[in-house]
Amino acid sequence: MRELYAKLNRLFPLGELTERRSNLAFITLTAEYLRPVLLHLRDREGFSHLVLLTAVDWLEEGQFQLSYLLSDRANGRDIGLRLMLPRDGASMESIHDLWPTAATYQRELREMFGIDFPGSPRINEEFILEGWTDIPPYRRDFDTLKFAQENFVARPGRETWDPARHMKDQLYPDGA
Amino acid sequence: MHFEWMMIPYSLLTLFIVVNYGLLLTALMQKIGARVGRRYGIPIWQNYIDLVKNYGLRSSITHGVMFYLGPVFRLSGGVGLLLFVPTIYGSVMFSNLSFAGDLILALYFVFFGALGMALGAGESGHPHAAIGVSRGLSQMTAAELPFALAVFAVALQYQTLSITEIVAAQQGAVLHWTLFTNPFAVAAAMLSFLGSMMRPPFDLVLAPQEIPIGPPTEYHSSYLALMQTNRVIFPIAKIVIYMNLFFGGAASWPVFFLKVFLIYLFSLFVGVAFPRFRVEQSIRWFLVWALPLGIVAIVLV
Amino acid sequence: MKAELEKRIVKGPDGIEFEVDPLQDYYCQEAPTVMPAAYSKIVEGFFNWARAESLWILGFGTGCGAIEMRPLMTPRFDAYRYGVQWRPTPRQANLFIISGYLSVKTLKRAIRSYEQMQNPKYVIGLGSCTINGGMYWDSYNTLKRLDYYLPVDLYIAGCMPRPEALLQGFEDLKEIIRAGKGEGANQYAQYFDWYKMNQKQVIHDWDMPDYNW
Amino acid sequence: MVSPIFIIAAGLGTAFLLGLLRDEWRAAAYGLTLAALAGTAAIAGGWLWAFAIDGAAPVEILTAGTPAPFAINLRLGLPEAALLLLANLTGLLSAVYLKDTLSHLGRRAMAVLLIIVMAMGGIILTRDLFNLFVFFELIVISTGGLILLSAERHALGAGFKYLIVSQLITILLLIGIIFAYHAAGTLNIDGMAAASLVMLKGGSLAFFLIFIAVVAELKPVPANGWALDIYEAAHPAFSAIFSAAVASASLFAVDKLLLIGGPAWLPVATAIGIISFVASNLLALPQTNDRRMLGYSSVGQVGLILTVLGQRDILGDSTLFIAGGILFSHAVAKAGLFWLSGLVAGRNLQDWSALRGQPLLIFAFVTFLAMLSGLPPFPGFYAKWELIHLLAGHGRLVLLALILFGALLEAGYLFRWFGYIIKGEQPTEVIVPARHKLSVAMIAALAGWALGYLWGGLSAHNNLLQTLPLLFALGFLLLEWLPAWIKNSLAIAGLVAWFILGYPGYDPLQLIFATIMLLGGALILMASYHAQGRRVGFYPSAMLMYAGLAMLIVAKDSFNFFAAWELLTVGSYFLILRGKHSEPHALSYIVFSLGGAFLILAGFALAAQGNSQFSIEALRQVAQPLAPWVFVLLAIGFMTKTAAIGLHIWLPGAHAEAETDVSPMVSGILLKAGLFGLFMLLMHMGKQQLYGVELTHVLMWIGALSALIGNLLAIFQEDAKRLLAYSSIGQMGYALFGLAMMNHLGWLMALMFVINHYIYKSMLFLSVGGIAKRTGTRLMYKMGGLITLMPLSFIAVLIGIIAMSGVPPLSGFGGRWIFYNAIMTAEYRLPMILIFLSGPIAFLYLFRLIHTIFLGQLKDEHRKIKEAPFWILLPQFIYVVCLMVFALVPGLALRRVDAYISQFFPQGALNWEGLTITSDYGYWSPVSIMVVVGVIFMTLFAWLLFVNRKAQKVKQFNIVFAGERPFRPETTHFAWNFFAPYRKALGFLTQPLVTGFWETLTDLLHTAADVARRFYTGNAQIYAIHFLAFVVVLFLLSRGV
Amino acid sequence: MAHIALATGFILILIGLYGALTNRNILRMIVSFTVADTGVNLVIVAVGYLRGRTAPILDATLPAAEAAARIIDPVPQALVLTAIVIGVGITALMLAYAYKLHETKGSLDIADYRELKW
């Protein structure tokens, strides 16, 4: 992985390398180099499979982190590309033309995080949130409990137990 | 033969017997099928309950005139087919209304119900109904071919188109049955029989999970009840034709019950053992396997 | 409202333009009515017995509980023994099992399917989620009380209840039906406005007629 | 009588006189020219009258008072007089036509015109060889002058090419003449003939040179590159003279020469003629320039006449009738077409669409077209009939085949041209023909009709222009100014009246066909009441077809049969051509039909063994080695009409693209003509064997294949009318199959199909037509859910498809029942496999038809459409009643026919006692079936109504959709490619092999023609070399002579 | 003598034809044809010539009664006169054409006039 990183770093200005395992590593980079790096990895290095595309909400930093995980089936290695986006008006270039499956991930990110991918097919069609009016629910500033209490009628008499507490009471009734 | 008024009560009696036998027989067949899967299966009287329940439903909808008439066509087809064929050989009581026409009438009357049903299903406006009809008709064209050849062979063999006379010619000994005198025709016809019974491997028409049961997908309540009634009459009416043409007919009700049961069982045996064909596969199957048998049958007669 | 449901101007083959309102022209807008029982009590009792002994389940797994229904078809449980069958179309089914959590999106489909079933029809709520939200009590997308939206005849508690519990549930439901208490469909028709109000409260993009025949 | 010498003298004299006039007196000069031409024409006409009516003997004119060989002598007989009249009239009419040009160019041009006409007279009259040469040279010189009349800038080049080749011809001619003279000692043609010139030393070569030189004037292929350039470049009025008159005169010269050459040279003439005929018609195929194409056609026609002259040995006395018939047809038509071409601005064939909207011009064009193609009632038709019969009688079959092939090619490009006129792009500017030009063209057209009448009278057969049905049809031409509904009433009345008139004379078979064709035709015509306006052209065409049909069923001899066949073919062609996009389909229809007709002609000719009178009955007596061939020819001919598989490719388009009320006519009625022919054929010829193959067996296979493939193709159509059209192929296959079974019930079944197919196909075509009219499309997947909006149409279609699929209790079942009984005695069993397969397949497309149109989802744009027009519905419901009645009491129609068929097949008749119909094998009681089914149905219906009394009516999107809702009706209607799995399984059977075959064939022809025409490079010297090579090759070949 | 004339005539014809077919210049072609025409005329005269006879002119030296035995055949003579006249006519016409052709296109090459073909 280090050679690969070194090779890539000669071609593109990359961020740091994080090695998780001998065959799994993450590289940070900036948004404008994503496409060339992806293309290079796909066409030159044999990373033919887009495993997933997901996001992390760094609310405090005001940023979204996108992770593109690629897999090289032939050599049994995976590589992840990480990049940061500003949280306000988050928008990223679509890569559905590189991997058609990316459109699905991008649609999901659009629905759940509100990250836009202009040009991605059916990007504004929701998967499950038909008629959703609130902020996207996977954003960390979305309060799901409050939302549920406001929107859904609860049956009175329900007791809600904290699972950890409950198990502890069960297993150690004398409160050890 | 001529029409007599007594034929009406006699025919109704035949109809009554066949409906009841059919209700029980279909349930029995389902039970046997369940036993193959190591289940108990439905109670033997379950069909009666389902029928009562469907007639007893309080509401129904209609998509239009043809939708309404479809099940009527369907059941008329079944009842008519049954009544146009003599049920018990040698019995005046149970030769029904067969004075109206011969074997050919029976063969073509099969389509009466199918056509009406297809029209009704079509008017429901449901694409799955239309897909089911398309599949059913496609498969039918290939499945009917060996049967038509077999019928032709049998008619040539006995030099008659009258069902009664064909049965008469097979009397005397078991070896006089067409089954033994013209085995190729029977083989072809029995393969074709599989195709017309809506059982695997030829049940793509109904394909419950894929095109929710095809043509009847919009039918419910009393419509469905009529069609259920047909589902118990029609196969038996068809089997009666097979029995008369190929298996020596039946001279009494017990023989009738036995032979119908056994012929029905044949389709069940095949059905539980084989998975489903796609339409084009089943068309090819009939053309490749059943058709040559039919050709041999008419060439050898 | 989806674009295909909005009113549109179309031009006929003779060149005359006219307006098409899909909701009016393509959907029946009648509300359901309360369907009276048979005139004779004996007949109604007979019918109720038949209805009880012939439970046709709509094959619609709305949630994770659907997996618990499959074993019922297998030799181990064999629900067919009790007159229970699965039908692929709501038209022919008279029992709707809401099998577990019901998301807002699924609710819309469940309402449609329920309304397309014929009277009398029964609903079983399967699992805790349908009763009070269960483990999804704080979810942004899951209903917490099924009977606010559909008339429920019977709840089977558990997370998830085992197939045996389901079999027991069927037997209990049969009791209810035989007793002539399985009138959920009429109840739905009677309190139609209330149900609709509840449904529309959670379904924000209501893009269907009020009653789906 | 005025001496014919004045014909020459007048022309010559006036030409000199013109030279004396002052240049400004153009009008006077023009008047003088016209007067001279009219005068000479009058003299010729007078002589013609004298010979033809008064029966005068031919006269010899001795120019110097002494008989030949001491002076030039002229001879005037009937042919000379006729040709003189032709030449002078053509000249006169061209002069009229050329009014503006001649007035502009002045008296010199007029003089040259007079000279050429005079020279033609000379060629026709003279009996002196050298004199002939002189007149030919005059023609060359005047042609050289007249070519310059054209405004076309290439005319000069063309003229010069002509002069170069003329020089060569002159050289050959002169050398030939001098040696002929040397050998025979005389220049007189009759003298040379008497001296047997060709037998003398050196005489043969001399004759060859003369002969080849004169033949070269006929522009034989391949030595004719120059001539085509002239046709293309010259003024059309001159081309008219050049093609019609000069060629005729030259032909006559060749005819005279053949007198010298004797029988030995006839084959040479034949060979040159037939090669020219076939090759130039082939070369005409890829032409786009109208005049050049007409040039090729001229060359071809002249070649055909030369062939006829070459066949003098067998044609004998008929030569004059045949050659004259073709010659005059050619001359009038070609002159007429050239004159018409002067009215059209563009030179491309497509530009002729400018004629559209000019009924008179189109009438003239159609007249010329029919004359050239040898269609009845024009002279060419009678001539062709005689010619083919005589050729067949003497076993010259190769020649016969070549002639028919060439004629078919010619018809092909001519009718294609007509298609451009009727269906080409709407012209931007409308042509306003000058009155004198229009009248010239119209005179030619009327002359054509007159000639038709004349030849009809001269022929040994009945004069077609005196037959009542044809006159009735033609009468509609005069009534075109009336509104359509009046004409429609007249047409219906005519059909019904003709049926009533003929009723006592029909035998049961004829009665059935007459009922369908005449009464049935009247019924379909009721649908035409819905049409607005005048519908110009519809009624003459339709009534022409009906006239042909009416004459066909009562035809007693082969001539009348064939004439009727051609009439109905032409009539139906015009009908089909009326459809919006029907041009290519109408063309393939007419080409196939004419091809079929030619085969029929050949078949009859073979059967008749040289007798031109041949009763249909006599087909029975055709001797053995010949009979199967006759059978094959006739059967293929008839099968082109029934569209048996292989010959079917014209049908789908033709039926589908025709107008709403035309489709049922051409499908329900016209196809029956082919069946009628097959009935006749099988009735009289019975079973035939060819190389040990039973031909009826072959027919059976063809019928079965047609049934299968027709039906199979039908299920894959998206276009409702195409679907019905393919279904017709299948249905006709059934009928053919029934006929070919050659047993009692087989024939009965075929007749049952005739009746049934008429009823339900007419009905379905009308319904679908009505629907297409309302929805504006014929594509089924674009419709759907129309049942509530068009319930009456739905009922008609429903009844139609139940009847057609043979489901009891409607009438189609009777057909199936008879079919099963019939195959019990059939000798062959294997074709049944195909028939059995095609039966259920019919069910597929019928269901598709009703489902995708009426059921399923109604589309947005169709929500407001109305039921079909009343006049289209009315006949449909009459058909519904017919179907019901026929279903209940089939005996009404079939009983008599059954008895009639017993004449031919006594075995296997049905028993019609009581309500039950009994055969040897089974029984069938239509009334009982109807009652039983009705009672069961009504009982169940009543029960359902009771239990289901509270049903809620819902709308089209209230369907269960797996919890979803339908998106739009278009995406919810399952209709497109409805039988997709079927295509996967059996689609390989629907490969367009037949279409591919015919397309390859036409492509090959076109390619061959396209390659061959590169031969004409346009270089004068090359043309000269062609000519010399032609001479050398011909010389070498004729050495054997 | 007659044979020589005959042979000359044919040779002239062949020369003429050769010239007409090989020269692309229109004027040369016309001249060639004239040569060929002359050859034809020569042939005609040669064919009509009879050795030892006199010209067919009836005058004092040749009484009509003897004419048939003493004169050569007069017909070819008559023919050749006509042929010459016609030949002149055609040549004139061709020349006129040549002039017009040159006028329209400015070329006398026969290969330039190939617009009409096929």
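For reference, chains read A, B, C, D and E in written order, and residue numbers begin at 1 within each chain.
Going forward, a residue touches a chain if its C-beta (ideal position, glycine included) is under 8 Å from a C-beta of that chain, and two chains touch if they have at least 3 such contacts.
Just so it is clear, the model here is predicted, and its values are computed rather than measured.
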Q: Considering only mean CA positions as chain centres, point out the chain farthest from subunit B.
A: E
Q) Where the centre means the average of the CA atoms, what chain is farthest from subunit C? A) E
Q | Winner on C-beta contact pairs when B-D is weighed against A-C | A | B-D
Q. Centre to centre, by mean C-alpha position, how many angstrom separate subunit B and subunit C?
A. 35
Q: For subunit A and subunit D, let me know how many angstrom lie between their CA-based centres, rounded off.
A: 77
Q: For subunit B and subunit E, let me know how many angstrom lie between their CA-based centres, rounded off.
A: 99
Q: Enumerate the residues of subunit C that touch no fewer than two other chains.
A: 35, 89, 91, 108, 213
Q | Set of subunit B residues in contact with two or more other chains | A | 58-61, 212, 217-218, 221
Q) What are the touching chain pairs in this one? A) A-C, B-C, B-D, C-D, D-E
**Q.** Parts of subunit C lying in touch with subunit D, wherever the complex brings them together
**A.** 4, 8, 10-14, 16, 18, 20, 22, 25-28, 30, 35, 60, 89-91, 108-110, 112-113, 116, 207-208, 212-213
Q. For subunit B, which residues are in contact with subunit D within the complex?
A. 3, 55, 58-66, 68-69, 71-73, 75-76, 79-80, 83-84, 97, 99-105, 108-109, 111-112, 115, 118-119, 122-128, 130-131, 133-135, 137-138, 140-142, 144-145, 148-149, 152, 155-156, 159-162, 212, 217-218, 221-223, 225-226, 278-281, 283-284, 291, 294-295, 298-299
Q | Residue ranges of subunit D touching subunit E (in the complex, touch as defined) | A | 130, 134, 137, 140-141, 144-145, 148, 153-154, 156-161, 163-164, 166-168, 170-171, 174-175, 177-179, 181-182, 187, 225, 228-229, 232-233, 1013-1014, 1016-1021, 1024-1025, 1028
Q.
Can you tell me which positions in subunit C touch subunit A when the two form their complex?
A. 103-105, 108, 131-133, 137-145, 148, 198, 201-206
Q) For the complex, which residues does subunit D have touching subunit C? A) 774-777, 860-865, 950, 952-958, 960, 963-969
